[in-house]
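First chain written, first letter: the chains are A, B, C, D, E, F, G, H, I, J, K, L, M and N, and each begins at residue 1.
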Amino acid sequence: MDSLTWIGLASIVVAGLTIGIGAIGPAIGEGLAVSSALSAMAQQPDETSSITRTLFVGLAMIESTAIYCLVVAMILIFANPFWNYFIQQAAQQAGGGG
Amino acid sequence: MDSLTWIGLASIVVAGLTIGIGAIGPAIGEGLAVSSALSAMAQQPDETSSITRTLFVGLAMIESTAIYCLVVAMILIFANPFWNYFIQQAAQQAGGGG
Amino acid sequence: MDSLTWIGLASIVVAGLTIGIGAIGPAIGEGLAVSSALSAMAQQPDETSSITRTLFVGLAMIESTAIYCLVVAMILIFANPFWNYFIQQAAQQAGGGG
Amino acid sequence: MDSLTWIGLASIVVAGLTIGIGAIGPAIGEGLAVSSALSAMAQQPDETSSITRTLFVGLAMIESTAIYCLVVAMILIFANPFWNYFIQQAAQQAGGGG
Amino acid sequence: MDSLTWIGLASIVVAGLTIGIGAIGPAIGEGLAVSSALSAMAQQPDETSSITRTLFVGLAMIESTAIYCLVVAMILIFANPFWNYFIQQAAQQAGGGG
Amino acid sequence: MDSLTWIGLASIVVAGLTIGIGAIGPAIGEGLAVSSALSAMAQQPDETSSITRTLFVGLAMIESTAIYCLVVAMILIFANPFWNYFIQQAAQQAGGGG
Amino acid sequence: MDSLTWIGLASIVVAGLTIGIGAIGPAIGEGLAVSSALSAMAQQPDETSSITRTLFVGLAMIESTAIYCLVVAMILIFANPFWNYFIQQAAQQAGGGG
Amino acid sequence: MDSLTWIGLASIVVAGLTIGIGAIGPAIGEGLAVSSALSAMAQQPDETSSITRTLFVGLAMIESTAIYCLVVAMILIFANPFWNYFIQQAAQQAGGGG
Amino acid sequence: MDSLTWIGLASIVVAGLTIGIGAIGPAIGEGLAVSSALSAMAQQPDETSSITRTLFVGLAMIESTAIYCLVVAMILIFANPFWNYFIQQAAQQAGGGG
Amino acid sequence: MDSLTWIGLASIVVAGLTIGIGAIGPAIGEGLAVSSALSAMAQQPDETSSITRTLFVGLAMIESTAIYCLVVAMILIFANPFWNYFIQQAAQQAGGGG
Amino acid sequence: MDSLTWIGLASIVVAGLTIGIGAIGPAIGEGLAVSSALSAMAQQPDETSSITRTLFVGLAMIESTAIYCLVVAMILIFANPFWNYFIQQAAQQAGGGG
Amino acid sequence: MDSLTWIGLASIVVAGLTIGIGAIGPAIGEGLAVSSALSAMAQQPDETSSITRTLFVGLAMIESTAIYCLVVAMILIFANPFWNYFIQQAAQQAGGGG
Amino acid sequence: MDSLTWIGLASIVVAGLTIGIGAIGPAIGEGLAVSSALSAMAQQPDETSSITRTLFVGLAMIESTAIYCLVVAMILIFANPFWNYFIQQAAQQAGGGG
Amino acid sequence: MDSLTWIGLASIVVAGLTIGIGAIGPAIGEGLAVSSALSAMAQQPDETSSITRTLFVGLAMIESTAIYCLVVAMILIFANPFWNYFIQQAAQQAGGGG
């Protein structure tokens, strides 16, 4: 296999695993947060608005770690600098051989 | 095996594992959230509507991490840029040899 | 082994593992949800209808992650684009050699 | 080993592992559900009928993930499209060589 | 090793592991169910009959996942379609060479 | 190594692992069941007979998964159809060469 | 290495692992059972005799899974049918070569 | 494969795993923090402002560990000194050969 | 390496691992049993004698699984039938060559 | 591959894993600390200032372990003495060959 | 490597791992026992003597599993029958060659 | 690869893993300590000074294990006696060849 | 590599792992024991002396398992009978060749 | 690679892992001990001095297991008898060849 194939393979494998593994933590963390938000609302109904506000800030922080994973996965699939380099090399070689 | 086969293999394997591993976290996280929503409703029946509303926002956030995994799996199966590149190369080679 | 065999092998292995691994999370998550629904009904019998309604929405959300896994497994077995490509290649080769 | 053997091997291995791994989650999930159903009935005997009804719906949902695994395992053993393709190829080769 | 040996080996290994792994989940799940049935009976002796009835339905559901594993293991040992195919091939070869 | 050795090896290894792994679940599950039976008897001495009866039914169900493992292990050691087939083949070869 | 050595090796390794792994579950399960028997006796001294009786039945059931493992380990060391077959083969060969 | 390909491969793989693994801890840690912030607010509504302030400082500290991982991943993809060195070497070689 | 060396190696490795792994379960199980015996004695000092009696029976049962492991380890080191067979073979060969 | 490539590879891989693995512990530890700080503030609002002070000292101690990991990762990427040594060797060789 | 080296290697590795792994269980089990002994003494100071007596018997039982591991490790290092056999063989060979 | 490269590689890999793995324990241990210090201060505000003093001693003890890891990692990177030995050997060889 | 190197390598690796793995159990076990000793002292200050006495006996028992590991590690480094044997052999060979 | 390199490599790898793995147990154990010391002080302020004294003895015992690991790691780096032996051999060889 040439370099392009290896880089392509690695990008596919890592993109999938990054988001696959990276989704476990945030999903469970958000589950905990939502879970205790609902208990809190049941316990102190008058504070529903401030609980909801804090919950949303917290969910945004937790979701951000999932977003980081998605961003890295997307960079690896659609804007991979290593892939671009080797594509360019392959094009030059093809041009040089023409 | 040539490059196309390797890329195809990797895409199949990673698509499956991504959604397979990525379904564990959200499913358990949503289980926690629904679980405490029901306890909250049993404890404070008057707050059913606001609890349900918060629960649905939370479930949407958690489900989003599962959706990320599904999106990456679908991109790898149906819109894989690496596969497209090598298909195009193979077509050019076939055309060049014709 | 030729490419077709590798693609077939990978599809079989991944289809099985995807649904096998992907069934663990939803099953446990639904177990938690049903489990707390029943405790809630025992604690607040008058809310049975709204608890049941919320439970079913929650179960549908959790089941959806199992469905994603099943869909990917089914695509890999019955509508695999990589397999179709190589079948077509093999048919062309056979036709070209005829 | 030829392609048929590899496909057969993979189907046997994956069919067994799919149902073997896929039985863990549902069994534990159903154990949780039944377990809390019984506690709920002990706590609120008057609600036995509605608890039982909800329990059975829940068990059906959880059992469904085990059924998905069984279905995939059965497809891999008895209606495997990849195996059928290679059997047909082998038959054609044998016919072509006759 | 020829194909028959490989298929035989895989069937033996997978049959054992399927039932071996598949027995963990149901055994623990049933342990949980029986365990809370007994606590429930201690807490609400008057409900013994309805608790027992629900327990038996639950145990049957949980046991069913162990049965699925046993069925797949038995199919792999005594009614394995892949093994039958290769036995038949071997018989034809032996007949063809006679 | 010839086929007979491989089949023998696999049968020995799998028979041991099947019962070795398969004993963990039932032992812990039965431990839970007995454990809560005794707590229940301490809590509600008057129900000793019905608790004991339910416990024995539950233990039988749980033990059944260990029995499945033992049965598969025994089949693999003493009534292994794959081993019988190859023994018979070896005998025929020996007879054919005599 | 010849077949006899492989079969001997596998028997040694599997016999040890079977009882080694198989001792974990029963030991912990019996620990749980004894543990709650003692709590029960502390809580309800008058029921000591019926608690002890139930405990011994339970311990016997749990110990039985350890016994299964020991039996399989002993069969593999002292009454291994695969080993006997190959010993007999080796003796015949030695006799045939004499 | 030449050095450039190896360095590129390693950078892709490690960048993905770093952020994938590194997202688990912070997501769960933040889930715990948000979770107890909401319980605290339900318990002591008058302290909402100081709880929120402390929560945000804490979330920032926890998020910082995720940021470290993201920074390392980004350095490996876009400002990798090892990649730059080998690119420069490759350019010199190409220049030297011209 | 000849057969004797392999059998000796395997016996050493398995003897150690059998008792090493097999000591974990009983030690923790006995820890649980002793632990609850002491709590029970603190709670019900008048039952010290019957608690102690039951504890010793339970410890004996749990210790028995450790003893099984020790017995198998000792058999493998000092009374290994496979080792004896090969020693005898080696002696015969040496005698036959003399 | 030459030494430079190996050293570069190892540095990339280890830098990423060091901070990736090293972020799990501190993130969860800080989550625990923040979590109990908030509970403490809800329980004893008058002590907010001393709780906050102690919390920040604690967070600094915990964060320090993450910083150690980051420092080691940064040293491996930007100030790696092994890399510098081999770069210097390569330069000398290039100079010696000029 | 000759047989002596392999046997020596295996003995070293297994002796270390046996006691290394085998120390985990007893240490934690004894921790549990001592831990509850102290709670029991705090709860029922008058029973200190009988608690201490039972604790020591229990510690002795738990320590015994660690002792088994130590004994096997010591046998493997200082009284290893397999090592002795091969030493003797080597001595005979050396004598035979002299 | 020559010895220098292997020693350099190993030092890089081990330095990173040592601090990476070694940061998990102290971070969680300190999290527990800080966590209970804050609960203690909320429960007994008058003891803040002695709690803080004990906490700092405890944190110092726990941090010490992280420091040990950092020290070993730093020794491996900057004062590695094995690396120094081989550098010196390489210098002598270069000198001897000059 | 010759025998001496292998024996040396194995001794180094096993000595480190034995004490490394063997330190986990005792450290956690002692943590539990000290932890409950302090709770006991807080609960029953008058029993401080007898609690401390029992704690020290218990710590000594738990520490003993760590000591066993240290002893085996020290034997492997400084008084290794296998190493001594091979050193002696090497010396004899060197002497015999002189 | 020659023996010196292997011994050096192993010493580096094992020294790091020994302290890396060996720091987990003590750090968590000390976290537990400090944690309960602080709770105890909050519960029984009058006993602060005796709690602190017992805590320090306990921490010293737990720290000792970390010290054992550090000592072994330091011996392996700075006073390794196996390394010294091979260094001496290499010096003799160099001297003998001079």
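The rule is short, and it goes like this: a contact is a pair of C-beta atoms (placed from the backbone, for glycine too) under 8 Å apart; a residue touches a chain by one contact, two chains touch by 3 or more.
Everything numeric here is computed off the predicted structure, so don't read it as measured data.
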Interface residue overlap between copies chain A and chain H, same or different (over half shared): different
Centroid spacing, where centroids are CA-atom means, of chain B and chain F in whole angstrom: 39
Chain M-chain N separation of Cα centroids, rounded to whole Å: 11
Sites on chain B at which at least two other chains make contact: 11, 13, 15, 17, 19-21, 24-26, 28-33, 35-37, 39, 41, 43, 55, 59, 66, 69, 73
Chain contact graph, described as a line, ring, star, complete graph or other shape: ring
Starting from chain B, with chain C taken as the next chain, the full ring order: B, C, D, E, F, G, I, K, M, N, L, J, H, A
Residues of chain M touching chain N in the complex: 1-2, 4-5, 8-9, 11-13, 15-17, 19-21, 23-39, 41-43, 45, 48, 52, 55-56, 59, 63, 66, 69-70, 73, 77-78, 83, 87
Contact footprint of chain F on chain G as seen in their complex: 3, 6-7, 10-11, 13-15, 17-22, 24-26, 28-33, 35-37, 39-41, 43-44, 46-47, 50-51, 54-55, 57-59, 61-62, 64-66, 68-69, 72-73, 75-76, 80-82, 85-86
